[in-house]
């Protein structure tokens, strides 16, 4: 491992979330060295995010074999954190184009040991879709909403649930919506009270925010 | 009237819309001179917009008596255009804070002789409100939507009607939504197809856009 | 078809516009699965938009044979909606560089069954061009204007017609105009009353907005 | 009460949060009518937010007497929601200039019946301040961070707690930081995982986000 | 005169333009001291710009008497530069709301000794206005265009004249056009070749740019 | 030639500048058809701009042989406009990285028949460079300044010459200066009076602006 | 003193700079309580910044008498830090309109015990001004440059001195330069190497940056 | 060497920093000609920056052999400036992704003859990292901080040292942080006093700023 990396080794103790490796912008050598280190069983679990398919294709085959890689979410792990017995996150998306974010949320939560349920393609232009799914969504302890363009789904969802809601604006869109700025400002300006917002495309962060709530909830359940 | 004004006198012939006076930024003297000119019966009808209550209060009482002034929409007229027998516009708003725009739309259309019906306070955080009003809204020939903050109502409305939809983002909001930028980008990025957008707070423009459709429709009806 | 897609199947009933597939950002597998599904005669008509030539080249030849594909507008369909007997849209553009948008408007309207007439390269730097075309443009029921750079054509056109006008700012330009922001703000700030605006390059949306008007008009004509 | 207001009366049932009145931009007459309606004991509790001292001073004295008004947080209520027996929110701020937001968070949570503890003036330029308070802050179930300028406190706090963290960028600052844009982008780009963000100065929203977690937690505790 | 001012005394020799005093942001004391200094006949001519009516009203009456002050253009001078025998500038504006800029251009050029002719209220929404004035405008040696909102007039004018064109976007507008940003980007992105642009509301600068051309022209005429 | 092109054939009569072809964004087929049309001697002269080396390489060899192509300025012509006997433009640049713009100015002016003189690499960080060149620069009738980054050269040059000055901000820079925005705002905010500004990288436009002045000057000289 | 203030009492030990009170946005009561506390001789010295004349006028006369207040720089102190025997800062400004920042730099450095020398009104439009002052400026150990509009002075100064240079963009300007954004981006994009930049109008910060250098220098001088 | 280059040959005498070659945007021919010129021993030392690995690979092998090239920092030199006996710079970074900037700072300072010490991966999400390194960092005469995302490290570091601090926001980040804008505004708005800021990714500039301080310090030490 490059010797200029100071791994935040006690992060899971301190904030309940193990460190992750954000792969974008890392040199291929640095990435390989990290993948090698965390490929063995005795290492702590670690999550690789933003690991694109083209970069993954350049990783030696035997090293790839040691990992569970998912191209849609661009995530990889050697092994996951221990599975929690309770705690359910509902993940709702506006369209299939948001899937790269929606599945980053799902995979990160799964890696952290939580159970998720996906509700994709529920954009409000066809309002019946979110309404049909509403009761099932509300069975989750927390709700994560992924939406690009106008991200109107975040506000509508915020008015249909009493659960904590984390909105992830996605970079899906063009023109004024390019890069997710319209979706971001729409989420932040939401007319529904208590919708909390993550950076554009930050599925990993939304999963961590949801995990903070699920961990807290589990600690209360455990105290029973 | 100041002699540097070139009134676009044949505008109604050319584009079907009589000229209006945008009062903001005009000097008080220029405004008074215009109010005087259009106070008599034999002048063409003209609409004064963005005529704030404080400015209106400084107009001499007898001149004020010649006008129908509405402080909420900040509009005034001496007399309206001839009333049309058909043509109905539905005007929908997200909240009561949008009323200064909503009523500018309504008053402008009324001045142009069209019939309007208002549906205020239908924001999507309480989705039942727009759904309860949906059938009545759809009785209109065109739909104008006024919304600030995230303007999610524009997208939801666009998915609930087949009629022409004109969205007016309003400057209602603060932080990232200040000045209506979040609402504007949200409307433009709408996931509902065929929602057309006006400048922030441009209720007058939305009324003109709606009037263009209603006039076209009337010409077809008249051809029967 | 991927099972996470919730097709908005009754959209044409609800808002008079059949669903379309926005191809940008979709995975090639998802796209192929959709192209396969809609290649047979008994499926509802559907429009594929933003389907670039390089992506289309990767589609198997026999599947391509089932579609009418146009590289300039980047659209494809298996069959169109039924042809309407009345209803004409004038589509005006500032320059030939706007053609990828101009033709998206035209092809979408043709797919929806409406008749269009194009007036390209009418930018205002040579004012005689728009003036020469004016009378023919005004024969349309609605006018769509596509323009990049300063988009001054939208304002000039708005002052030359009484018909509903939908302006589409295009991303043609560089420097301050890069990505279409200058054209967008220019259209929204138009000094001509009642010019309604779409997102940058949103030819599909402009066609839908125009179709909403044409559909309404047809319903009145049909009632005769 | 103005008849164009559609109160979202079942909001507390649907999303667990009673409706609030955002006073900015409301006409004085509309505000008075609302204050009158909710001044009597048999009305549901309601929270007035963004009720500035200068507006409050124009409310008749006897009406003011019916309310608990706090000028710093600019909030008023007639009576609060029932007090919860468990549930503690830690509210941390960077400086005393953030107090108008910090106290909006506190007052809103108190109105909703939750217990809060404030930790003000903990900006990271003097790092010992947040470190000295860390253990006490972590006794809360959720943590709300209010910070303007660079909002570096949000990231530092996010690395010092495992609890759900809601960051509220404040409009405190000038130059590049004017209006809170620097603080907002800093919070959204936080290097600490799982920090969720509200709109600038949106203390009310942060309180609602925190309340969503506290309510969920209480439901689990109640199930014991 | 405050001793921290280093007057650029040889500026007229160096660049052909005498120094001017930009009054906005100057303390009243500094302004008074400057007005006193330049009130006597033996001082060089100097132009005061951005001298608002409210500030002017606070200047002692006898000092005011020494100056020619114009409230619309917010300019004042004790005496002008010597009058030139040739050289004519055409100043064209889109609307009467642009007059505070249009007249700043005119007064600055008059102060510099040049002859101007104004063509106000020629906005392109009524295209006949600019076309009717075209031949007279082209009699000027240079053309200055002042326009807010979409500033489409700058492009149209650029296509109607072979003379040097200087466009001044004005801050007239609201929403997306607030502060003149839409007008500025529209002018810079002009589809007409060779339209040069000044800062928003910079009528003084446009006059100086025009004067640079007129001075050059005069030197050639003088060489005959 | 594609039949959707309306060439502005009398543009040189109307505004003194022949039409040019902006090649970026044009399809290769459209470009080839234009190159073919203007390759013969009897056609009017025309200028091709933004014709990149990689696009040029795809043009058939014999067609290329008919043109004078310059890769640095990305311009091509078959033959130029007639040479003028008088009229000199000084073109000044801040650095060699600005050369793609500097030479677009130079080549366009040469194509129009004017004489130019280049002063490259005169950035103000080494102030002696612009000072050493000052007297020679001032021999030109007009001065064009090309500068990226902070574009401080535009202001400094504006204070060293009485000639008309046209500033072209270039897209040279990174970070806050990326795309030329810092240079553009710096030029527009210039503290030197009468500096007129073009869009970022718009060397063609600056040449046209300069040509408008040179043409005017020539008409006066001719009148002698 | 309000009990929610955690004074950073050992800041001078830790970073060599005593705490200062930023008065903008503080309530008048909080301000008075602070002014009272620091009015006595035995308190540590403290600096009040952004203390506007109108706020100061509302402070009781006897309390005002205890302070040295300067309206231009908007600063006040009871007593200064001990005077240093060496260390000189040169403060250069582009215009007199920048004085509110220039003098904030000067007063802060004086309060910290350092000697300053001011060079005001040295804007580059009249280049001889900065050149005449150059040798005297270079006698300072550090150079602070205050400039609004295009802030070209920062780059020019950076090329004329080997000393550490801190640039403070000021909010002087309008249009594109409004609020100091043009000046800020210009300073950051400076073509002169090693020019470090502060937030807009942050004279206090520039003084602290200069003081960090002067303190370091003094420690070396003391070690002799 | 291209003859349009005016090398600022006495820059080291004037500002104490020899000229450097910014390679981005230079043509390959121009670059080769410069590399050839400075490859011989008798030329002054010169630094090549932003020399990417892919460009370097196209340089002839024997020319490459004459240089010390580092791909991470993208810098090359033939020989360095003379080594200074005193003067130490501490370079601190938030993460390994910032290394391309961190090492540009380090390499530039080494080229200038100064000693550096690196402290990488000290981001504040794991606060113990910067605290553990604090004492060693403070042994440096100046501190350079490189950080992307929220750049909270700049503020925290500013509160932990009395030394001059130069912050370099990096372009590391996505969404709202894309291109380094969030980091830049965060650094400029820093709550720690006297933190001076460079343009995004401007490691070379930060090194020059640090060198200005070190040079000054050395001159004082030499005077002993």
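For clarity, chains are labelled A, B, C, D, E, F, G and H in written order, and residue numbers in each chain start from 1.
We adopt the following convention: contacts are C-beta pairs under 8 Å (C-beta built on N, C-alpha and C of every residue); 3 or more make two chains touch, one makes a residue touch a chain.
In this text, all values refer to a predicted model and were calculated from it rather than measured experimentally.
K.L.:
Does B-E or D-H have more contacting C-beta pairs?
P.N.:
D-H
K.L.:
So which of B-C, C-E or A-H is the twin of A-C, meaning more than half of its contact pairs are the same residue numbers?
P.N.:
Same contacts by residue number as A-C, out of B-C, C-E or A-H: A-H.
K.L.:
Could you grab the centroid distance between chain B and chain H? Build each centroid from C-alpha atoms only and quote it in angstrom.
P.N.:
57
K.L.:
What is the distance, in whole Å, between the centres of chain A and chain G, each centre taken as the mean of its C-alpha atoms?
P.N.:
That gives a centre separation of 45 Å.
K.L.:
Using the average of all C-alpha atoms in each chain as its centre, how far is it in Å between chain D and chain E?
P.N.:
50
K.L.:
Return the residues of chain C touching two or more other chains; collapse runs of consecutive numbers into ranges.
P.N.:
11, 14, 125-126, 158-160, 175-177, 184, 188-189, 192-193, 199
K.L.:
For the complex, give me every residue of chain D touching chain G.
P.N.:
72, 96-97, 99, 118, 120-122, 125-126, 129, 172, 174-178
K.L.:
Under the touch definition given earlier, write down the residues of chain C that touch chain E in their complex.
P.N.:
Within the complex, chain C contacts chain E at residues 94-95, 123-127, 131, 149-152, 154-156, 158-160, 173, 175-177, 181-193.
K.L.:
Tell me, which parts of chain G touch chain D in their complex?
P.N.:
2, 4-6, 8, 11, 14, 22, 24-27, 30, 169, 171, 179-180, 184, 199-202
K.L.:
In the complex formed with chain H, which residues of chain G make contact?
P.N.:
It comes out as residues 11, 14-17, 20, 141-142, 158-166, 184, 188-189, 192-199, 204-213, 215-217, 220-221, 224.
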